[in-house]
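One chain, chain A, appears in both complexes that follow, with chain B as partner in the first and chain C in the second.
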Partner chain A sequence: MTQATDIPKPALRAAAAETPAAPRGAWMRKVTPYLFIAPFVISFLLIFVGPALYALGLSFTNYRGFGSFRWVGFYNYVTMLQYDAFWITLRNTAFYWVAHAAPMMGIALGLALLVRSRLARYRRFFKTTIFLPQMIASVTAALVFQNFFGTTSGVLNGFLGMEIPWLTDPDLAPWAVVLILIWRGTGYWFVIFLAGLTSIDLEIEEAAKMDGANGWQRLWRITLPLMKPILLFAFVVDMVVTWRLFAEPNVLLGRAGTLAPIEQAPVLNLVVENIRAGQFGQAAATGWLLFIIIAVLTFVMFKLIGSKTRGSER
Partner chain B sequence: MTDTTTHQTQTALPEEMPAERRSRTIILIVLLIAAIFFTYPTIQMLVNSFKSNDGIISNPSGLPDPWTLSSYADGFLGDRGLTRALINSIIISTTSTVIAVALSAMAAYGFAKFQFRGRDLIFAALLTTMMVPPEVLIPGQYLIFARLGLIETLTVQIIPTVTPVLGLFLIRQYMLSLPDEIIEAARIDGASEFMIFRRIILPMAAPVLSAYAILHFLSEWNAYLWPSIVATTPEVKPIMVLLPQLVDQEVGFLPVYGTIMAGCVVATLPMVIVFLIFQDKIMNSITLGAVK
Partner chain C sequence: MRTKSTLTRRGLLRTGAALGAATLATPALMRRSYAQGAKPFEVWVWGGPDRFDGRLNSFAQAYPEEAGTFDVTVRSPGAHGAEVWQALRLALASGQTLPDVVMSNYIAVPEFAELGVLTDMSDRFAEFEDDLTPAGRSLSVYNDMFVGVPANHNIKTWFYNAAKFDAAGIDPTAVRTAADFMAAGQAYRSAHPDSYIMNLGDTPIHYNYFMMLSHWNDLTLANRDGSYNITSDPRFAEVFQLMHDWRQSGIAMPIDDWSPDWQPGFQEGRIGSSLIASWMLGFLPRFMPEQRGEWEIAAWPDFSHRGSEGGGPVFMFPNGAPNTDNAWEFMSKLHLSTEGGVIDWQTRGTIPGTTSALSQLQELASNVTRPADMTDEQWQLTPGYYYGDGFMDPIIAAMEDFQVFQYDPAAPAQLDIMRRRVNPYVSGNSTLEEALEGMQADMERQIGNPYAV
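What follows is the complex of A and B.
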């Protein structure tokens, strides 16, 4: 590998210029890029594409991990759609998404505006502290909040001197999950909005200032409209991520590493439960249903964004 | 109290000053409240880790009395298995990061700096797969790894993570901006293609490689769903799977929060230190990933 460096450069140049080497060189040049991408692409085919197609095939069988595959058509999909638990987990996940997305984005954007404001001090300190929860793992965060919201020996009830069942009352428990999502997620979008705000042309704002627009007018008429594409993008990405929710509700509301009760369970719990029960066909069908839901919602949101953006340009 | 300062600055900006000072204070207060909200849970984790498992039940919300390391001892010196789990997590995350960054960097170079048939098609196809949530593959992956006899190993936790399309995308974007002239010059000097990659491209791409490496390591360190399915024995469990399972050894099911918090602190501290050192790099890489 290193021997070429020992050879004087003029000699190498001469060797490269020799004609007999040219056809070989041309062939090498053609093959080289494939050699660079091959390890990734081949691994990807084996690790991702293969299992994905296998899971797709499985979803149409009743395979249980042993014995033979029997083609059952859409049976697994139909069963899942007729299964109460599927709709409950769907509703739960939708709730987690709706309940956390708007406040989180609002807080993230508000804090980004404040930190970027001319009047803010200790910017770096605040940036660091707001982003810090991103460095805490979901599992760790869920455990810390479990300790905080515990009924008999929780930190919050200790402060209050009460025994409020924060995590076992079905009306309260989902909100604890929402709080974790906001706590952990805000810093990420805060940093992204901060970058977005910085990239907004300062001159536009200066021009507006000259025209006598006050702070609020500048915020509503200039800054926010310019931030709209980033904000909408944030909502789409956050939606996709939330449909894949798993660790937070299960660690927080499950007992000692078990799954959360069905009343608070996210959709992915059905994939995990079916795998643990050996129902691979059913698990695969559930996974692909989740993919369809995400794809449809993403498509709808992009459509909405598209029409809205066109509307504002008119 | 503020009279003198007002006098001094009044010449510059006449009537704006008092209002501005009030806004300044309000902004500071709001940001301080935010800072408390976002740091409090981490501080609570740290403080409670210095209580014993009995102390945290009798005194959940106060300061430790006395401050003790007994929860750390229970977690890492006894038979809780936290040390083993921590080592497993380090092995898994490190190996995954090294392989993932190596594969992504090579492929990114291929896609960024060469013309070849099918290049744009293959790259677009790879990006499209990001639409498919990785959890969809789990039943397929589980059965394949089961057939290979790899369930309940560290390997099964590493392999599915080594081809990150996001990493490939980020590194390629960065490599596109590297000048072609340097590569051409090296070629004329007779350097082999792999040598150009190793000696010229990798050092020049170091900023994006290290930034992505940190992101990848973090996401592997935090992995929970797949390991909780394929790693259930003490020998191969990562720390994130073990932490929620730490319960009172006599009563069962009752979480031992002292030990859990001690484990959480040990699992979190390295990340926080890395963050405090490389925070600009980490925040920038996150922005890169989002603003496509």
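What follows is the complex of A and C.
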């Protein structure tokens, strides 16, 4: 109350004069944020939640997209879980995720460190060049790699002077897919890591250098711990994207409109195959199983992030 | 001091305008309208709207006075036939206006016909029925009901390098049994160690199987009661074993059709012949123009001379579309009349389904001449220039044996399961029993009764 005495009288009069309009202003202040997020919320409900719930309903039917349908309960889920192709494609997808994530992140981080270091010249050139594969559509990239890996006429075999069936040997073909994933993804994560490295205060490194820490020690004890949240975020996002993998293996290993063989196919192929075959119920059930898998893995990863980040903050 | 780059309002507006234009241009790429006349209709094709340009040109040549009376809207829901089926299902599900005519491979006809989606065109076909070849009829009909106009015929055709066959002492007309073919393959390998009589890799496309299975017109994967015949009918085992034996004996180059090595295989002379379908007529001149005159055409050997590669494309008419009459008039004139059939063969190489058009084109093919309005480049890509006079004779003869596999309404799903189970057997990674039992079990579990629609 003592502060009120310091306020000039004309200001108090003006405030008193505005009092009747105050409730309207407060209401606007409350509503305005919701108006800003309304376009997103409405489109999210219409474009994502609505169709997802519709698909959930479909997954309990034998609907073909038209004509009549019958409720079949959990039949679509049970048959999919009993279908060995489902487990094979799950295994394939897990392989693609595990096999490409670590090397890709390692290469991306290594390149980001190199480009950020004082050793690097022509930084703008390297930034653009390393990001370039990300600008190429995944289908186009897979088509280029298809010719690169050809058995009798491929560039790689021509260089090696051999006829290695990179794309048809069941043991080799998945590695060709992994190579494309690394080649395309590295540039994207390179940019993210470079941004993360830029945010690290140079004074910390300077201080460590003054204390006698060599380059390896500074990387291991300062840079990587500070980059940990970004690295873990990268692994989570990459995991979600990889579980929805479709274009690369199918363009590389499929032909003339057919999808990749099940032995190398990602799990999303079963959704697409069922949609192509007019089995909407089965496709929806597979889609929801995939959603549950991604949700569980994301939950586990976030738990991991939470504990690690808290650990690093302590 | 370096200038800091910022996004100006003008730059933002420019970017927005570019994105907007790109968004508007995308559907335009999928759709093309020929607004000309008073008879509108909408047609769906796969592979891009320009795929229909050739048919419009053929129509304009065959019926120059009537071409301007049509207003054709062409839409292409995707690159492959499966995407057209998918778009049609979605259109049916959403209740939107249906296209007047849809191009589809015959393989999807049973699904839409069984569900009552297709218009019964039997009355309209009456005036053309007498002129229809048995092949044309088999592509037009499902369950004794006329449901579509045949747009082409995928006739089983054997392409071979005549000089290489001569050097190996192989006369294709003398190859009758499966054992003869195997012996011919081995003789070919002896004469040409770097070349093969065929190609068959680890992941054959479904048409490789169905071309063989369509040899029998009473063979079905499933019966109307939902029971499956794969393990009980020995003909499935016979076909799969034969293909396995070809692959494992070494007579086949281990690469698949449409793989990156396929075209170079022909170009480099490593593939000396191909048991395939008549659509290959147009591909060899593009694959290896320098081998003009070296390749000849024969019917498939007796052990599998009947059948087809999936029948062929058909124009089907969905029930309830607004302009069925206009679409039918255009399609019937183009593909069921003598003039339309001959012109479309001359300009695009499609094989008509009428006796009158076939006899005329056989005559034309016996003495191939270059059309006056054709450029050198176009002419060199024509089958007439590449294979020489009379190239249609063996194909028209093989048309006598044309028949379509008895597909059922779940055929699109069955193709994937068949490839999944049989490919490992053909490539030597599973047993015949595993292939047959796995295929039947998967179809029973994942599809159930295909007729319960």
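Here is the rule we go by: the second predicted complex is superposed on the first by the 261 of 314 C-alpha atoms of A that agree within 3 Å, B and C clash if a C-alpha of one lies under 4 Å from a C-alpha of the other, contacts with A are read in each partner's own complex, and residues count from 1 in each chain.
In this text, contacts are C-beta pairs under 8 Å (C-beta built on N, C-alpha and C of every residue); 3 or more make two chains touch, one makes a residue touch a chain.
Since we're looking at a predicted model, the values are computed, not measured.
Chemist: Which partner, chain B or chain C, is in contact with more residues of chain A?
Modeler: Of chain B and chain C, B contacts more residues of chain A.
Chemist: Touch check for A:F69: first (chain B), second (chain C), both, or neither?
Modeler: neither
Chemist: When the two structures are overlaid on chain A, which partner does A:Y34 contact: first (chain B), second (chain C), both, or neither?
Modeler: first
Chemist: Could you tell me if A:G257 is touching chain B, chain C, both of them or neither one (first, second, both, neither)?
Modeler: Both partners.
Chemist: Between chain B and chain C, whom does A:L132 touch in the aligned arrangement: first, second, both, or neither?
Modeler: A:L132: touches chain B, not chain C.
Chemist: Tell me the contact category for A:R276 with respect to chain B and chain C: first, second, both or neither.
Modeler: both
Chemist: With the two structures laid over each other on chain A, which partner does A:T151 touch: chain B (first), chain C (second), both, or neither?
Modeler: second
Chemist: In the superposed arrangement, does A:T79 touch chain B (first), chain C (second), both or neither?
Modeler: After superposing on A, A:T79 lies in contact with chain C but is clear of chain B.
Chemist: So, does A:F48 touch the first partner chain B, the second partner chain C, both, or neither?
Modeler: So A:F48 only meets chain B here.
Chemist: Of the partners chain B and chain C, which touch A:P165 in the superposed model: first, second, both, neither?
Modeler: second
Chemist: Once the two structures are superposed, pull the chain A residues common to the chain B and chain C interfaces.
Modeler: On chain A, the overlap between the chain B and chain C contacts is residues 65, 146-147, 150, 152-154, 255-257, 274-276, 280.
Chemist: Quick check on the complex: what are the chain B residues that touch chain A?
Modeler: 20, 23-24, 27-28, 30-31, 34-35, 37-39, 41-42, 44-45, 48, 56-62, 103-104, 106-107, 109-111, 114-116, 119, 122, 126, 129, 131-144, 146, 159-160, 162-163, 165, 168, 188-195, 197-198, 218, 221-222, 224-225, 228-229, 240-241, 243-247, 253, 255, 257, 260-261, 264, 267-268, 271-272, 274-276, 279, 283, 286-287, 290-291
Chemist: So in the complex, the part of chain A that touches chain B is made up of which residues?
Modeler: Residues 1, 4, 7, 9, 12-13, 15-16, 28, 30, 32-37, 39-41, 43-44, 47-55, 58, 63, 65, 107, 111, 114-115, 117, 119-122, 125-133, 135-148, 150, 152-159, 183, 186-188, 191-192, 195-196, 230, 233-234, 237, 240, 243-244, 246-247, 251, 254-257, 268, 271-272, 274-276, 280, 283-284, 287-288, 290-291, 294-295, 298 of chain A touch chain B in their complex.
Chemist: Tell me, which parts of chain C touch chain A in their complex?
Modeler: So the residues of chain C in touch with chain A come to 79-83, 85-86, 89-90, 92-93, 111, 115-117, 201-203, 205-206, 254-261, 264-265, 268, 270, 410, 412-413, 416, 419-420, 423-424, 429, 442, 445-447, 453.
Chemist: For a test of understanding, state which residues of chain A touch chain C in their complex under the given definition.
Modeler: 64-67, 79, 82-83, 85, 146-147, 149-154, 165, 167-170, 253, 255-259, 261-263, 273-280, 282
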